[in-house]
Amino acid sequence: MGTIYFLVQQMMTFSIPLLIVALGGLFSERSGVVNIALEGIMIIGGFSSILFINFMQKMGVFDGQLLLICAVLIAVISGGAFSLLHAYAAINMNADQTISGTALNTFAPAFAIYGARMIQPSNVQQITFNNTFRIASVPLLGDIPIIGNLLFKQAYITTYIGFAILIAATILLYKTRFGLRLRACGEHPQAADSVGVNVYKMRYFGVLISGMLAGLGGLVFVVPTSTNFNATVAGYGFLGIAVLIFGQWKPIRIFIASLFFGLMKTISSSYSGISLLLQLGINSYIYKMVPYIATLIVLAFTSKRSQAPRALGQPYDHGGR
Amino acid sequence: AKPAPKGYEIALITDLGTIDDKSFNQGAWEGVVAYAKANNKTHKYYQPTEQSNDAYLAQIALAVENGAKIIVTPGFLFEVPIYIAQDEFPNVSFILLDGNPNDGDWSAGAPTFKTNKNVVGVTYAEHESGYLAGYAAVKDGYTQLGFMGGMAVPAVVRFGYGFVQGINDAAKDLGVDAKLMYHYTGGFDATPEAQNLAASWYNAGTEVIFACGGAVGFSVFAAAEAAGKKSIGVDVDQSGESETIITSSTKSLAPGVELLISQFYAGKFPGGENLVLDASNDSVGLPMETSRFKTFSQADYDALYAKLKAKEFAIFTDATAENAAGLPVTNVQLTVVE
Amino acid sequence: MDKLRRILRSTGFVNASSSVLAILVGLVFGFVIMLISNPAQAIQGFGIILKGGFSGGARGIGQTLYYAIPIIMTGLSVGFAFKTGLFNIGASGQFTVGAFTAIFIGIKLNSLPAPLHWIIALLGAMLAGGLWALIPGLFKAYLNVNEVISSIMMNYIGLFAVNYAIKHPALKTAPTIFDTTMNLTSNTAPTSILPKSFLSYLFPGSTVNIGIIIAILIAVFMYFVLNKTTFGYELKACGYNKHASQYAGISEKRSIVLSMVIAGALSGLGGGLVYLSGPNGRRYKVLDLLLADGFAGIPVALLGLNNPLGIIFAGIFIAFITIGGEYLQSLDFVVEIIDIITAAIIFFSAFALVFRGFIQKMLKAEELAVSLDDNHSSLRRQNSGKETGGEK
Amino acid sequence: MDYVIEMLGITKSFPGILANDNITLQLKKGEIHALLGENGAGKSTLMSVLFGLYKPELGIIKKSGVEVIIKNPNDANELGIGMVHQHFKLVHNFTVLQNIILGVETTVRGFLEMEAARKKVIALSEQYGLKVDPDALVENITVGMQQRVEILKMLYRDNEILIFDEPTAVLTPQEIEDLMAIMRDLTKEGKSILFITHKLNEIKAVADRCTVLRKGKCIGTINVQDTTKEEMSEMMVGRRIDLTLDKGEANAGEPVLEVRNLVTASREHGRKPLKDISFTVRRGEIVCIAGIDGNGQSELAYAVTGLMQIDGGQVLINGQDVSKKSIRARNLSGLAHIPEDRHKHGLILDYTLEDNLILKQYFNPEYQKHGLRLLPKIHSYAEGLIERFDIRSGQGAITLTRSMSGGNQQKAIVAREIDYNPDILIAVQPTRGLDVGAIEYIHKQLIAQRNSGKAILLISLELDEVMNISDRILVIYEGSIVGEFNPKDITVQELGLYMAGSKAREVNHG
């Protein structure tokens, strides 16, 4: 039982950032704009929010959960602002969406290093922080049998933010006017236009939300796994895209995909702490490959019918037919 | 004509890592900065574009062009470049950390070593430092330990083997059996994977993990904090990085570099020598003032250190066994995770 | 004069000049960043960037070419796939398995004589890269799996598989592949090392070897394949319009699989070329991190407009300013400024439509007037045609 | 006069064509006003102007006597103008209800309010007999039901002025009946309807007045009661353009293309099933498939050329069964195809003109050697075609096809397929978008082909074309061949009646 609690708790360190980032990608792609810049946006979000935490902690302004929540806001704002570059190129300039996404991916790590070196008095590129954000046990909820151990111990507020985003994204996409219009723009922008929906505006919002969530994903990725930020999110932005495609552009399936992938990653990296798996004596590299091979196998069986938004990647030209 | 800059007298070139890795490179750089600040010398670090001998040589050439008089190169990857550069730039002095200049040609069984008058090769007895950490940890009451190295480079391996033997000896002294998980993560970065691995060990009962791989430590510290367990730092005194760090297995990077630079300016540069910095010259050890031991005292440490200094016993090195699993241990249940 | 006009009007010229314009705007952007962060040294620093590889004299130029080798190859890989309608984000994995295979052959088959040894090693690298891309190709063609996700998965599988193989006990017999003391692969046999040939006279002291010649020849060859062969014609047709290709009787599945395999072979060869550069070049580091060379290919391909010849120039250009960045360390700048400039250049090249329009306007102000006139007269003709038609 | 909508002097041009030339159209309150005209006459364009999709160069629009400016569909909606587009604008993976409310959603505390909307939709659908399942996905419902969704979209918005752009083209006769009834009901409610159709008996059945467009010009507005179908069709077609070709008698030889009991199911959205189609095309004759848009012509062409799988029957070329053969194999056995959709199938827009002209022959030994393309030969071949077929473009053979005008793109396809020298040429609307001269040229080419002993299957929506160049006419209606005629024995008007499904005659095969 302890092992299961542990696996679930650990799974969150992989699944939650992937979930948040993939949900970000969801909004952009559902509006019809390919967003391969998630990796870069994560870096910018992580950079600015960790820098903020670093400053606040150094100056002793405040700390703890309140600081984390403020950092969340910073990550969201910076990621959103950065993504507007992509939106401008893709929506206003009808640019090739891969090109502008790649530009952002190239820019972000360089900027994070450059910025850290220029801003920090020490001239170093790493930005350190003290992890004062972990919640050993959530009051009351942590005492619930089973569930408490699974979800409310050794947790981060960002995990709950991740779940909240999942719920909010699902509701936003399927239960609100905004979501209905956004999805229409990704499937059939001419139809949306013909009923008075401003396709350009909706796509801007789609990219903006994806930037906000990917920026947050950058922060959520770093906080539980390290105590410093080194201008990288280790390819998790690309994995976020993979989870998005794996989840067939649907929130719940994305959630399942991120849990699946997170679980595979957890098993592959923590098998040596599980005596059963350790005794098998299988090389750690084999375990490291497992999540990716498993994903390929699942894809082989589930991809017959692609659910990609029909207008994905197509610049919208008002008045065209 | 470009305005001739004053140039930078003291240069440091990293082997692809950055000078702010919180351990090896940073330690060396702090030594440079400490001397330069105190003596008002210009100083600068350079980062090569890729990991290759030519790229390192290019940076050495650039540093020389920029007026370097003494160049510090931390990392055994500089062995071959310094071997070449010592002839190419006879008027410049080099401090090679973690290695001795050689031509890198192992085809005849061993390469040709040569250390000119303008070069000092410095190697550390990391195994001694690791030994101290392992011994102290077990003496302090920990019997379930872990070693998490970064890449399996010689220095990391030496730290690890020493750690194993330290544990073994202390366990023997106490008449207990210790458990040790042993693994190299394969990188020097803080990743969710590394954090997860450490967390899984803690979850399976491990009490303290020796984090021996640059930024990998940050992942271990994060896991230790989450699990309420302990960790051990490396290279420099890392006690400030996390409350969970009971001690750090250090080698005197900054002081060593600072000392060598000051000797250079004093005209006493021990050129042509390959120094071994170990317990005998107080270059490895545990920072007892900042350590968070429960019972292991300064007196215990001093007694142990004296034995080490006197070289009363041999410690495993990277030459002892190719794989940690092959180390001859008696009181350690060693699980090597490949 | 007419010939000049034709050149000026050609799409190739317009495309190239829009890239040049993007480069200029990107450089200006970089300069502004430099001015903001370090005004005192900005002008001098910018000069160093512009001087790029030339700062290091003949050696610097040689190094520029050397650094261009892997990014030209992965750029070709990504660009070629783009031309055929596929996004090969898996260049990194293909590069890695190619590198491993070349190293493996370079070390283990050390009884082979010189040119044969490295030629076989390179062929092995190509084969390995091709096989690695075969899987996403087959998955795409027959199972409808998006090639982006399968290539991302193959990147990681490739990385771990190679690291596993290098450290595998079965490969420990002499000559060993893995240098445990350095955590690098061992040096490959001298017979497997790419010769420097005449390049050592041209660029003394540089690492560059005939790898750059091979890369350029391959690029020219790819240009040739794409533009002069029926095979390239078919592949591009599928990339541009799969419905029309189907209509013309071209097999789409075959095209997808073959394009992926070729793209993979190009990346794999890139890995081979880099790791057969001899003791002074790179050695493979057993690190659990995706190799950046694969991802570096994406901007190179985009800057080169996915045209193999354009990719040669884009690769050399990026290598050139990267070396400039190296020399920039003489001042108080961070080398990452180069990546910032590269990013800006790519970003502005995404505005190609605008730039192209702008250039066309500049170039053909008078011709545009003519064609507009043409349009009007045809409109008139058509209308009058209708009227006469109606009255008869 | 009590006009709800007046479009006065509307002029709208597209590059190279004047789609609407000073058109005036006045819609009375409560009337059904038909808009009649050939393909490309400008009907959709005029309606798009009214709906705010296009901005006219000249002319004004008045709503109830007040001048209004309609910049976008939102403005149109606010003025109570709704439109059922010729190509439905529905989101395939939305439910019926979601499609209806898109753009005019009501929300409660930010959430979509579906229940009231559902009630309203159900009420409307009951009131007008528009049966729909509000929760069905659009991709899963029939075209007829999709159209009901489009109509409900307008009703849901309480639109007063309803535009139907060719609503009946995709409906079954029963569905058409129902639609007519609904339209009448709607006008009883005081709504006004603009109704585009090619089918005269529909106009006769429901419309009060009818405005006729021809080639972008307004020919006139008539009272439907006082005008016969024949008069209307003459207004629409105009006097015969002098395109009569002296083509001589057909000299039909042995069969080249035989289609036997061809059956296809409608798998994809918008595909018409073909029901047991059989016919033969012989050497030296032009057989024409006539019919109203969307009666299975496209599917027939796809099935014969191999772009679509068939579910039963056979296709034979020169006596050889090719129904299981690849497209390449069919081409090699002598089939050429001028496709209906030139951008989707006909051309690779990012290829140069010469590369498009060689699309079907690039692999011939004449144009490649060991896989190397013989570029000079390809170039001179292309130049020859360009010259012969008068294909105009900026830079000749090396022009990017995308930059060419639609008409010249079409000419390129026609040139390629005719020069392929096929035994059987399937030409689907080969003269679409071409000017008169070009049409004439292509017609002459087709006839020359036929005279040299080739077989030609022409699928066309243009009656002129059908009458002028075919040797035999097969009329397709609802996926079946409903009549076979000799053009000399039938008038345009009569043919129209068969095409509209109001007449059917036994067909004697081949």
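The letters A, B, C and D name the chains in turn, as written, and every chain counts its residues from 1.
Convention: a residue touches a chain if its C-beta (ideal position, glycine included) is under 8 Å from a C-beta of that chain, and two chains touch if they have at least 3 such contacts.
Nothing here was measured: the structure is a model prediction, and the numbers come from that model.
Engineer: Using the contact definition given at the top, which chains are in touch with both subunit A and subunit D?
Structural biologist: The common neighbours are C.
Engineer: Using CA atom averages as chain centres, what separation in Å is found between subunit B and subunit C?
Structural biologist: Spacing between the chain centres: roughly 39 Å.
Engineer: Take the average of all CA coordinates in subunit C, do the same for subunit D, and state the distance between these two points in whole angstrom.
Structural biologist: Taking the mean C-alpha position of each chain, the two centres sit 45 Å apart.
Engineer: Using mean C-alpha positions as chain centres, tell me how far subunit A is from subunit B in Å, no decimals.
Structural biologist: Result: the chain centres lie 36 Å from each other.
Engineer: Please report how many Å separate the Cα centroid of subunit A from that of subunit C, as a whole number.
Structural biologist: 29
Engineer: Do you know which subunit D residues sit against two or more other chains?
Structural biologist: In subunit D, no residue touches at least two other chains, as defined above.
Engineer: What are the residue numbers in subunit B that touch two or more other chains?
Structural biologist: Where subunit B meets two or more other chains at a single residue, that happens at 189, 193.
Engineer: For subunit A, what residues touch not just one other chain but two or more?
Structural biologist: 234, 283, 288, in rising order.
Engineer: Per the touch rule above, enumerate the chain pairs that touch, sorted by label.
Structural biologist: Once each pair is checked, the touching ones are A-B, A-C, A-D, B-C, C-D.
Engineer: Mind listing the subunit C positions that touch subunit D in their complex?
Structural biologist: These residues of subunit C touch subunit D: 9, 11, 228-231, 233-234, 236-237, 240-241, 243-250, 371, 375, 378-379, 381-383, 385-386, 389-390, 392.
Engineer: Could you please specify the touching residues of subunit D with respect to subunit A in the complex?
Structural biologist: My answer: residues 51, 53-54, 72-74, 77, 83, 85, 89-94, 98-99, 101-105, 107, 110-112, 153.
Engineer: Which residues of subunit A touch subunit B in the complex?
Structural biologist: 2-3, 6, 10, 13-14, 122, 124-126, 128, 131, 134, 136, 154, 221, 224-228, 230, 232, 234, 265-266, 268-275, 278, 283-284, 288
Engineer: Of all residues in subunit A, which touch subunit D in the complex?
Structural biologist: Contacts found on subunit A: 171, 175-177, 180-181, 183-184, 187-188, 190-197, 310, 319.
Engineer: Within their complex, state which residues of subunit C touch subunit A.
Structural biologist: Within the complex, subunit C contacts subunit A at residues 33, 37, 87, 89, 135, 139, 143-146, 148-150, 152-154, 156-157, 160-161, 163-164, 167, 288-290, 295, 298-299, 302, 334, 336-340, 342-344, 346-347, 349-354.
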